[in-house]
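Presented sequentially are two complexes of subunit A, the first with subunit B as partner and the second with subunit C.
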Partner chain A sequence: MSQRSSPGPWFAAPVAIFMLVCFAAPIFIVAWYSLMPSRTFGLTGDLTLENYRSAVTDGYTRPLMWSLIGAATTTLATAILAWPTAVILHRYAGRWAAVASALIALPIFISESVRLFGMSVFMMPRGGILAGTMNAVFDIQIGSILNTWSAAQIGMIYIHLPFMLFPLLLGVSLIPADRIEAARDLGATRWQTFREVELPLAAPGLLIGMLLTFVLCLGANAEAAILGGRAVTVITAAIEQRFNYAQDWPMGAALTVIVILVTALIVLPVLSRLDLNRLTRR
Partner chain B sequence: MNKDRALKSLASSNPLNRPMQHSSHRRKFLKTVAAGMAAAALPTGLAAQSNRPLSLLTWDAYADPNLLALWKDQTGVDVRYEIHISDPSSVNRLRAGETSVWDFINVNNPWARNIMWPAGLIKDLPRDRFEPLYADMKPKFQMPYKWAMSEDEEHLLGIVQRYETFDFVINPDVISPALAQDEGWDLFNNPDFAGRYGILAYEDWNVMDICMGAGVHPFREKSDEDVAKFEETCKRWIENASFITTDFVQLNLAILNGEIDLYFTGGTYTTAAARLEGVTELYAITPNSGPADGKGGINWIELNSAVNNPDFQESAFDWLEFITTVDAAELVARGNGNLQPVSQMSNPDLMARFSTDELAAIQWDEFDQRIANAVEFDIVPDYDRLYDIYSAAMRDRG
Partner chain C sequence: MLHDTTHITDRPVILSLAGLSKTFGTLKAVDDISLSIPEGEFLTIVGPSGSGKSTLVRILAGLEAPTSGDLFLRDTQITQSPANKRPTAMVFQSLALFDHRTVGQNIEFAMKMKGVPAADRRNRALELLQLVRLPEDYYSRPVTQCSGGERQRVALARAFASDPEILFFDEPLSAIDYRLRKTLEVELKELHQRTGRTFVYITHSLEEAMVMSDRIAIMQSGRIVQTGTPAEIYSAPVNRFVASFMGEVNILTLEKDTGGKQVFSEIGQPVQAARGAYAMIRPEALELGPGEITTQLTVTQRLMLGSRTQVHLVSELGATLISELPGTAPELDIGTTHPFSFSTEDIAWMDE
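Right after this comes the complex of A and B.
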């Protein structure tokens, strides 16, 4: 008796074709472009690694470093801010949790640029909302961090907090209350309970939040442009410059490939440890 | 138009409009079906032609809702648009194959003649139809106007409309305009203004401005000595900038707020709307002199062109003619709440539509002098080398 072939591949084919055309093919084209001679527009030139060499020798490591530092510090800061927020919302906010979550989520529906321009007006020195109010109400003159890397960092934390908070809420909800009580009954300190019980149980949500925040921040550009006054150049701004004003697609493509590789190197090992089934099993 | 009539005739004989009662209706129905099938057999591009809206890749003045409504009223043709990010990025998009997407593009003067026409990205305009439009423009634009023509002067590449000088902006309460015009770009070389100026990151413009500040003609071939002067000035200017942004409102706010006293690049385009609101702390400056054949200002001229779309629509030509009419030119000049001089302002009918306050906002009393003090925008030789220095200085900032 002949064995019936599995229908699985046929069902998977549309998705596989979609992924190939919409994800794999563009990445392949970008990778191919990165091997073309600098400042050419065709795909048929002689293959060269010159763009990758230039990426290292022409000072592009610095924008990459700023992006990595920005992504890492934002991920850490949002995790520190989001953990207590998630715990309070889950355990103590009761029926107000939904309202509070909605209020936190609401800004996501407003354009990121609009929110950042709002922050810019808030941070502006002298006549800005904060400095002007301090001066008018309390007769206190303060300076401003606007147009510095610190302002860009605050903007990144503000913009990306919800991306950390909501996965973390899911993670915190995986911690059964009786486990915490049991740990306390057995004499664990608050720190031990957090480290040995809560953190491991909420880890899937925390990891997803960290991955999301990190990857989004690595590609963030608006914060450094609007709040940072270009005090530093982040890697996405450098890529944009190559594609746009420099008319140097191959170099822009090489920088893009480098960012993809760095992201993959950081993200894939974390992703491989993530058990999504555990997160979705309540 | 024949296609429109054919479509209307097909629509009017649509059998679904009335019940099929006898054989003559059935025959009509069959004829209609046959006509429909014949239409379907046409090359797909031709069949799609009448359905595609006129597609504009444009600066925001040409996407003004009032302008689009006037066009729709007059022609019935739908329009879709996308606003440029920059001239080079839009030219890139055409290069990347978007000539099949767009019908109209407006970018600064050198792109059409030097890049888009040689690359086959734009279509030439019928000279008998469009050359007479130049007769109604300022004398500067009389035919044969260099930037509207191909290198061999055989082909008309577009219609000129918005234009101005684009140099720098000062707070006249801090620096007198007369002093700024005399000092010109040296204001940014003055150590007293280190940390007191901003940069509007229109980066190709910044490169030209830095050339001016370095005493180098931006549109001439550069010697190694010129490049060295450019590099020194570029690093110093970028390092000494209070902040750099792509948003001129931020720079205007910073001047109002006393954070900075001046910024480059800027001009009527960045100040007119605020000046019209009564903001007197913004003043566009074109230097009286400079290293570009004795001139210190740079004059851009926007050229409106028809994209060489394989599915070309005649309405693209209609649009190009429409925007030069008095009603449309007024709307372009006021596009999206801004105020911008247009070449048709030599027409008294159009001029009469601007109030004294509006003309004051665009500093109209000195406009011709500013244009006279400016060299026309052009492709920058050695741009790649200069831009790499510029972008490296940007990266070194932090």
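Right after this comes the complex of A and C.
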């Protein structure tokens, strides 16, 4: 044997090149664009931070705030809904768990816009499925929340529930039954058992679910457009608008960079605390 | 201070089981068990795998609801009260330590649930570390960094921390190697004497039960077939199941020969005044040389047990027997035949 060469870098090379070309390069271009003068279309202008300054002064903090609120609310709501669902599926559903999981996963294979338009038809005033049925069957007239932020919020929760549920199912399955019994035996109430034992033990799954949901929601646009009727503008819509109608690419790029930074600021601390080994049972 | 354990049966009853049963589908895991446990007793429930020991102790701890029957703590009915409302604590077979916490946090768990202030909790945890013979600096160590024996002690301290009136142990030592197990058995016994608490211990090893217990209950297919002190069980097992559970013993079967005389079918020897259908003779009661009941046996195996020698023997009728003799018994070479004997005084009679 002549020379010991480590095969690692060679095997990693294809992925590394792919990441460089498809991930790092676009981000670099966007970051560079964000430093170009307003409403220019080249990468050769003088570097300036003007776009970032106007991002704050021109009121783009509002859309960003709405996106953050939407993402946070959705993350919290899906977590609260998914926890009992995961516990029931894992502990009590037995062989029905697979069927139930499949039914919950099924909608993922249908286009998001199609599902949102379905919800929109459901929520429509007067002739809509909900209002129409209430009127025809119970003779109750109700209004509609369609085209409000609440409708968008409900849509986000509905769309993102599976992304919370499946990691959480994995997390809940990490809780050994005897730890729960031990906690109960040592005098813990149900709530204390949840807080002190179940939650920490399921944390890896819960955190992954929360990260997924949060990041997906930050980039969500369709819910606010289709169900929210653009009652509020989310940051994704603002970015899209900068790139399309306003033809202000540097500004769009600056907003994109801001979103990436905010995401990283929230996601990285959580990610660093995540014990992936425990999740894969190594 | 050592508690006197000789008159335990005179003490007031702390836990009574009245006809407890638990069925899983068609299986009677626990079948109509009634038992009174006096305060401060070390009771061991022994039985083979699947005899329902865990199910029974889980009912007592409140982790499983019985199908029928009642459970009383002193005079209070507690059959329906949940585990967290019972003044009992369990040491699990798996130990069920909270791996995401430190040794100290594990021990303090029960106190934290009760809302004991952090400083008091810490003091008590340090006391308990001492009680179970762990160094104080283990307090802040993650439990995942403890050895098997240390984890055992942490589990014990954690159970004691809830200040329980009764402690349940579901085979906590079964996964531990022989020597450490022996040490922990003795420590557990001492801990019982020092604390004066009621211990209900589960094991499938009668040997372990003999070492530690004030009283032993033997379980077979969901039922308790015999209860008694270790000495009582040792000298008078009620049936062959209990006798064979004690390890290597000789069990001989009585039958009537053609002349209507009672003979042991394994060795063909007659016996007068039989008081049961089966006779148990301990290996040490089967002595070399002629005596009251004598039979010719051939040596098939010879094992040294330190100061004693165990020989495996076969009778002319083909039955195998075991004898234990003092010293090295040099004359008992494999293949040689010798007279062996036992006296009727040494027989424990059984009906089934």
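Structure notes:
Heads up, the rule we're going with is that the second predicted complex is superposed on the first by the 277 of 282 C-alpha atoms of A that agree within 3 Å, B and C clash if a C-alpha of one lies under 4 Å from a C-alpha of the other, contacts with A are read in each partner's own complex, and residues count from 1 in each chain.
FYI, a residue touches a chain if its C-beta (ideal position, glycine included) is under 8 Å from a C-beta of that chain, and two chains touch if they have at least 3 such contacts.
Please read all numbers here as calculations on a predicted model, not as lab measurements.
When both complexes are superposed on subunit A, subunit B and subunit C sit side by side without a clash. In the superposition on chain A, A:Leu218 contacts neither subunit B nor subunit C. One of subunit B and subunit C touches more residues of subunit A, and that partner is B. Of the two partner chains, neither subunit B nor subunit C is touched by A:Leu168.
Contacts of A:Leu201 after superposition on the shared chain: subunit C is touched, whereas subunit B is not. After overlaying the two complexes on the shared chain, residue contacts for A:Arg62 are found with subunit B alone; subunit C is out of touch. In the overlay built on the shared chain, the residue A:Ile226 is in contact with subunit B alone; subunit C does not reach it. In the superposition on chain A, A:Leu89 makes contact with neither subunit B nor subunit C. Contacts of A:Met119 after superposition on the shared chain: neither subunit B nor subunit C is touched. Taking Cα centres throughout, subunit A sits at the apex of an angle toward subunit B and subunit C that amounts to 150 degrees, reported as a multiple of 10. Within the superposed three-chain model, A:Asn147 lies in touch with subunit B and out of touch with subunit C [touch as defined at top]. Taking every C-alpha of subunit B against every C-alpha of subunit C after the fit on chain A, the minimum distance is 45 Å. Overlap of the subunit B and subunit C interfaces on subunit A: none, as no residue is touched by both. Contact residues of subunit B toward subunit A in the complex are 85-86, 88-89, 92, 95, 201, 203-204, 242-247, 250, 253-254, 256-259, 384, 387-388, 391-392, 394-398. Interface residues of subunit A facing subunit B in the complex, by the touch rule stated above, are 39, 41, 58-60, 62-63, 66, 117, 120-121, 124-128, 146-147, 149, 225-226, 229-233, 238, 241-249.
In the complex of the two chains, the subunit C residues touching subunit A come out as 61-63, 82-84, 88-90, 92, 94, 96-98, 100, 109-110, 112-114, 158-159, 161-162.
Touching subunit C in their complex are the following residues of subunit A: 176, 178-179, 181-189, 192, 196-197, 200-201.
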